[in-house]
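Next up: some structures, all given as structure tokens.
Next come two complexes, and both contain chain A; in the first it sits with chain B, in the second with chain C.
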Partner chain A sequence: MQDYIDSDSDPGPVLRGNERTVKILIVGHMGAGKTTAVQAVSEIRPIKTEEVMTTAGSGIDRADLPHKTTTTVAMDFGRVNLNEELVLYLFGAPGQTRFFDILEDLAHGALGALVLCDPRHLAETYPILDLVEELGLTYVIAVNEFDGADRYTEERLREVMELAPSIPLVFCDARSRLSTRDALIALVQHLLTKLPEPVR
Partner chain B sequence: MTQAARPNLSWILNELLDILHARHALVLSADGLTVASSDGVNRNLADRIAASVSGLQSLSRSAGEFVTEDNTVWQQTMVQYQDGYLFVIAAGSGSHLVVSAGSQVDIEAISYRMEKTVERLGDPLSVAPREPSTQG
Partner chain C sequence: MTARRRGGDRLVATYVVTGGRSSPTRNTLDQITLISLSSSAPYLSRSDLNEEQNKILGHLARGAQSVIELGAFLHLPLAVIRVLLCDLIESGHIAASGRRITDGPAEGPDRNTLEAVLAGLHRL
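Now for the complex of A and B:
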């Protein structure tokens, strides 16, 4: 790691260089909280590519989000150490279907995906799930519990989304570092169950 | 997955910065992770640049259909800022080379030098695709 000189302008954890690094994709429909989650959990200054939503998108992008004024057009990026040995590189993809080509590119090299969803707009998660399954990514669904939104039980959500029992579903608050981190831990634990048995 | 620093690549990247006004150089894997960088780029900056340049490359490639209908092959992305430039070129099949420079830089010279650097590095620079069965 002698190639990296840490500057004062860039606080954040320093990696030793021998950690295991895992690329994780953060996906979800528009407004599900992807950018919020990456901002909340990243231990380095995250990248966001938010642009103001314009009138050109009205009629295409959902307009029933009064507090949402910007949307991600390219990607989010953040990094988080889950423990001494494991570093997650988080790549957030835009949620709109017109950006799915970018999502496919961002998925290269990713081990798994965290699928964020707003329980008030479950139907918008389905195209994302289709794509993630098509890409062969292992995933966990993280239901972002927005303030003021109705709460549903896991059983009810599974029933509505027709989720296979093998797909984990967790609840989170994307604004919370710890809550988002817990969702990522659930994903990593699920990924571990998918790893082949070590050869003796 | 790629571990961050490869010292032997770093000194080749440092040499590239002999060009007047060249600032930083970094090699990233096509999936957006740092492979190596020139001296003076801290790891956190390197990781952010690797991620954003992978997005830049992806976007550049997809915009190629505006150049020719059959979506011509991407070769280089150049971005101009108030105080300088960013240049991105392919560096083997699975990686990219990004160099930053001040606004007084000789664009032709630095582009040529980047191509030469990639030629010189050849295969060691490319990052093998992940085998489906390997652990992360």
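Now for the complex of A and C:
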């Protein structure tokens, strides 16, 4: 396990520039544990970015107009080198539909999404599932087992959430590197099952 | 990043940084495209570059970086960092690894990539 690098803008292990890069989105409602999960797995000190978004018009070319409504979207991102040639980026992004444009940009070319949810706030996850589906992302639901939260069986959760059997649901502790990694593994395994059978 | 609440001010400032353009005309750089200094970068003049672009080159001197990381280090929104980077590609100072967002839909991940990711995750 790698220690966090805590100088202010330490860029982490040096990249050559010819590595392959892949990304996975970690989405979820407020307080679901997105930031915690990105931190748990990242080898660089996770970076919080704020993307400025205009709520009227498009682009920033009219930014000189007065009373322009803008909003900032906080995103976390982390990075982990999977091998010499392959770098995984993790993006913790808010699941509100009003951030659709930014999420769409992020989702482009992403492997898939991990949808984190706090079992005490299941209903908050429903709109996020719709959103992720609209983005065309393959996803796995990771139920973040908070201390003190009631424990439900997978069966019960599926029933309450009316989940299709084809959507994997796993449990995790977003604070744990291994547990979060295992949730990511579940996602990648699910992605592999969705590929067409290799021709022999 | 405490002094970052002034969205409006920043927008005006970034508007100036990019010379008023908000998006590059060519296909867009993905957030995880890796950017590195080109081999000719040491020989090219930097006198026409703005402060932000010089900062980008400074960061890249330590190694390649993804578009999103450069944006975060420079505290610039993605739309702005993309424009600055595209200009630096054009001027020959930097090179981008293969990946771009084009207008078409993204192809899904292929089996080899997924298997490599899976093996990598298992090793963590």
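Operating definition for what follows: the second predicted complex is superposed on the first by the 137 of 200 C-alpha atoms of A that agree within 3 Å, B and C clash if a C-alpha of one lies under 4 Å from a C-alpha of the other, contacts with A are read in each partner's own complex, and residues count from 1 in each chain.
In this section, a contact is a pair of C-beta atoms (placed from the backbone, for glycine too) under 8 Å apart; a residue touches a chain by one contact, two chains touch by 3 or more.
Only a predicted model underlies this, so the values are computations on that prediction, with no experimental measurement involved.
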| item | value |
| --- | --- |
| Contacts of A:Val22 with chain B and chain C, given as first, second, both or neither | both |
| Chain B versus chain C as contact partner of A:Gln189, first or second or both or neither | second |
| Which of chain B and chain C A:Val132 touches, first, second, both or neither | neither |
| Touched partner set for A:Ile47, first chain B, second chain C, both or neither | both |
| Touching partner for A:Leu82 - first (chain B), second (chain C), both, neither | second |
| Which superposed partner A:Arg177 touches (first chain B, second chain C, both, neither) | second |
| Chain C versus chain B, contacts on chain A by residue | C |
| Touched partner set for A:Asp101, first chain B, second chain C, both or neither | first |
| Chain B versus chain C as contact partner of A:Val140, first or second or both or neither | neither |
| Chain A positions touched by chain B in one structure and by chain C in the second | 14-15, 17-18, 20-23, 47, 49, 77, 79, 89, 91, 105-106, 108-109, 111, 191, 195 |
| Complex interface listing, chain A residues touching chain B | 1-7, 10, 12, 14-15, 17-18, 20-23, 44-45, 47, 49, 74-75, 77, 79, 89, 91, 101-102, 105-106, 108-111, 191, 195-196 |
| Complex contact set, residues of chain A against chain C | 9, 11, 14-23, 41, 47-52, 59-61, 63-64, 68, 70-72, 77, 79-80, 82-83, 85-89, 91, 105-106, 108-109, 111-112, 177-178, 181, 184-185, 188-189, 191-192, 195, 198 |
| For the chain C and chain A complex, residues of the former touching the latter | 1, 4-5, 7-8, 10-12, 14-15, 20-23, 30-36, 59, 62-66, 68-69, 71-73, 77-80, 95, 97, 99, 101, 106, 108-111, 113-124 |
| Partner chain A, residues of chain B touching it in the complex | 1-5, 7, 10, 29-33, 36-48, 51-52, 54-55, 58-59, 61-62, 130, 133, 135-136 |
